[in-house]
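Shared between the two complexes below is subunit A, which pairs with subunit B and subunit C, respectively.
Our next item is the complex of A and B:
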């Protein structure tokens, strides 16, 4: 489909673009700028003082406590990315190449699981992972002895919840890039005598890298803000950045601190996004021009 | 040759197995919740002791249950309408128009999708608090709705954009040649052809808003939506009323998702079939 060129005198363009652009400006970009400004304020007796002060930033950079938690958050995010991608890739591949008949039904089931209430689903995991829960009942039924699984209220519990809530994203991005893949390239590879496995590793996998990368980045960025999972399934034993932010707002009523921690997390996410974007953009077009 | 066939059969089984395992993983908590909603015992241990519907009654009898349902319904209805309209207009601009600042527009309208919801909520909460101090208002349903619109519109935009992408613009040219004005072209051609995408974007928006915890948690003030009701409830102690609520939640949601996907896919198939051979 070709794009129509439109100028800003055209009322149709203004009507299509402006309402959404304004909403995003007033309720997304300005609040973001506001958050940055807030990090330079101070609080006194739970009230904001409008000044221009570096106090919060010196506090953040001088206390290793914050950085331990930030590092743990990034570490959890990386593990979550690795597991999610390993689960998502074969599933997306199977959906595009096998199971053609039930494709629609399976996708509806996956979309539904993604769309329903995250609090309820996370609570459901408590019932599954509890000492007297479904998983342990099943394991002892299979002969593993009573209470074989004791991962509720541990970082492993948190990780299960995070992968559960985020693995859908790379599934979609990988599925999309696999579905767009030109079948003829694969057939050409077969004609040239390559085996199915070799074709997968030399044709399919490299061509689906944009979906793989964008899915991985999505999981990483979104898992930086995981809050429900460490709270409900991790039992609060090893808090992540989200808990730190919540505490600075609710318990300590220190808004500049909360704002600054938010900005640190956003910066980590934005940096990752920028690096990944640079990587994908540099990599993908050059592939087309590569000599055979 | 035989070994190759065995290898292929192995790969096939492994791939189908992945999907089966994935569905089990996705549905483990969901099926568990549904099963526990019918328990007769107060403690949530497996295996379930006996069958009863008493927890559904207990849930409905909770005094803060219906207010939460009403709040969730208001928030979901209003933000669905706004997000779907904004998303549709945005999707048309994204795909069909080429204009100055288009890249900027695309980045800004897509960015909330790349934002952890908790941070989105916090950032907006700070803004509303500062604004509320100046203009004298406090967080409540209105701020939740605004938060949901910012978070959900990009999803609606992407879904409608898929429909816009497959759109055959020669149909509009034909209508214009036949003497239709801009509004008539939109009403008679553009809108009906985009409708399946808009409809499923609407259902997505509704469910995302209905089940949203993070944004509401930051922005709802003292007004509780259903996910907040559940969150503060399970923080105090688990009870079989939450599985009962989950079951009541899941069944209509599954029907809605099925309906939306069915409509969208049928329309996309038709569109592909109607595409002229080039």
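Our next item is the complex of A and C:
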């Protein structure tokens, strides 16, 4: 069936798009524009002065420590994406294949993971990772000696918390992709003589890429804003961007600086995603007859 | 589908639930809480503890007033909120004294006539009586003092002798590597470390002095295991010995532990170094916001919150225990509470401390803190 190409002259299309466009305008674009405007103001005596000035941007581009923290944040986010996906994919794969019998129960568990408060989960890790915590007790019991593990209040502690809180997102998106996968294609691959491994890499993995990518994007974006984990499990000694922004807004009461750092973080995040998308789409061969 | 008993079907069930929902929404909108029936209402911006029902409820009942509370987590943030226009909406504010003191000249708080509060001042310890300099501007007071304490190393005496902490030197001692906890409470950890470096942070600082602050923070970060904002985590580490001292807190993070029986936890004030007092006295104050209403009931609340019985409630709260300026309240504390508050030590701490006031270069010092932390 030939589909009819829709244009913006179509009033039905415009009416259908309008509510979402309005929501985006009111709740995203206008606040974003206000944040940009705020970056060109100054503060004096903890009050905002509505005077157009490049002072804040000059400060941001002249002080390397802002960029150190921004790059550290992006680095941590990328590592978190990699670890989360590596954990989530086999788990989601097992859920759709080996553990199909327990499908409902496991789905409920995943929903619980979404619903449980991140504050609770993050603070819970202290009891595990502490020098006197459960992990060290277990390691000591196994003969590794006292306080064998010392990762609370380190970047490793931060990473454990981030992965623990965020890995559930790609697990869910990959699971959805795998669950919708047409089993006949896999069987056809076996019929054609492909091994299990080859079938996985040539059929299953390519067809589950939408879930993989959307999960990775979710983890990346949420990691950029990670606040709780570096503060609670990281011990605040290797602050990430969100803590820098909080300090600027709250402790220093320098709203223009906080706004500018927010814009920098959004820009770096968007740029990283654009680069990743470019890399992914360049590597993905176009289907025959369709433009790449 | 399994049928529900007694002719209850899904439709009637949903109808019933919808009805209950509407009734609940109606009660919320038109209803019923004390706020709607009270003769007057007050909006109160304050730290945690000031909002305890044992403090607010008797006043609300007695004066037929409803008090809506907005908790602050950062004094500077609270000031900024008022500066952004919220001062029109609030009647009362309880915050750190330098910020209350700033609110008078900034136009957010009404200046008080000390004579109107003469009865309250008469009950205070001599150190807090009118004219109370830390809350004065051009001879006029902004607010009354409500809670106080001191900032010094908080130590678990099961692991360290108190004498060890008669100076901040262990913060920089390699023997204490990864055993120091700095409290992530704005400028609080910076001030004592600056004092140790021989810099008085409450004076105007030149580049050389700021350079000293940078050096001392850099050195402290080398030994610091964690910079903790959450009081419970800091206290847990102190109790189990993974933190040997908390820096930047003092009595604020000590007294509640002591009241729970951990009397081996103590906050002390180090000895003066090179003529510079190393302790810091912090104080919270309550002011009347200048929102044009000139509310008498707000002024009544100010008198109420510093009265001996209420001051006692304010001193002993669930999260923290602190000293109060009302001398008459002292008689209301039990011996156990006095011990928890380290009342036998309070004037020694006072005599060996700076008073926490407006620090002219605080933003420079906070920027240095950020830079040194990023470079760590």
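Here, the second predicted complex is superposed on the first by the 243 of 292 C-alpha atoms of A that agree within 3 Å, B and C clash if a C-alpha of one lies under 4 Å from a C-alpha of the other, contacts with A are read in each partner's own complex, and residues count from 1 in each chain.
The definition used in the following text is that contacts are C-beta pairs under 8 Å (C-beta built on N, C-alpha and C of every residue); 3 or more make two chains touch, one makes a residue touch a chain.
Keep in mind that this is a model prediction, so the values were computed, not measured.
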Contacts of A:132 with subunit B and subunit C, given as first, second, both or neither: both
First, second, both or neither for A:244, with subunit B first and subunit C second: second
First (subunit B), second (subunit C), both or neither touched by A:232: both
Touched partner set for A:183, first subunit B, second subunit C, both or neither: neither
Partner chain(s) touched by A:253 [first = subunit B, second = subunit C, both, neither]: second
Partner touching more residues of subunit A, whether subunit B or subunit C: B
Subunit B versus subunit C as contact partner of A:153, first or second or both or neither: second
Touched partner set for A:100, first subunit B, second subunit C, both or neither: neither
Partner chain in contact with A:63 - subunit B first, subunit C second, else both or neither: second
Subunit B and subunit C contact sites that coincide on subunit A, given as residue numbers: 126, 130, 132, 232, 249, 255
Complex contacts: residues of subunit A adjacent to subunit B: 1-8, 12-13, 15-17, 19-21, 23-25, 27-32, 34-35, 38, 87, 90-91, 93-95, 97-99, 104, 106-113, 115-128, 130, 132-134, 136-137, 164, 195-197, 218, 221-228, 232, 242, 245, 249, 255, 258-259, 262, 265-266, 269, 273
Contacting residues of subunit B [partner subunit A, same complex]: 4, 7-8, 11-12, 14-16, 18-19, 22-23, 25-30, 32-33, 36, 44-47, 86-87, 89-90, 92-93, 95-100, 105, 108-109, 111-112, 114-120, 122-127, 129-130, 146-147, 149-150, 153, 157, 164-167, 169, 182, 204, 207-208, 210-211, 213-214, 226-227, 230-231, 234, 238, 242-243, 245-246, 249-250, 253-254, 257-258, 261-262, 265
Residues of subunit A defined as touching subunit C within the complex: 45-48, 63, 65-66, 68-69, 126, 130-132, 153, 231-232, 235-239, 244, 247, 249-255
Interface residues, subunit C side, partner subunit A - complex: 73-74, 76-77, 79-80, 83-84, 102, 106, 184, 186-187, 221, 224-230, 233, 236, 240, 242, 363, 366-367, 370-371, 373-376
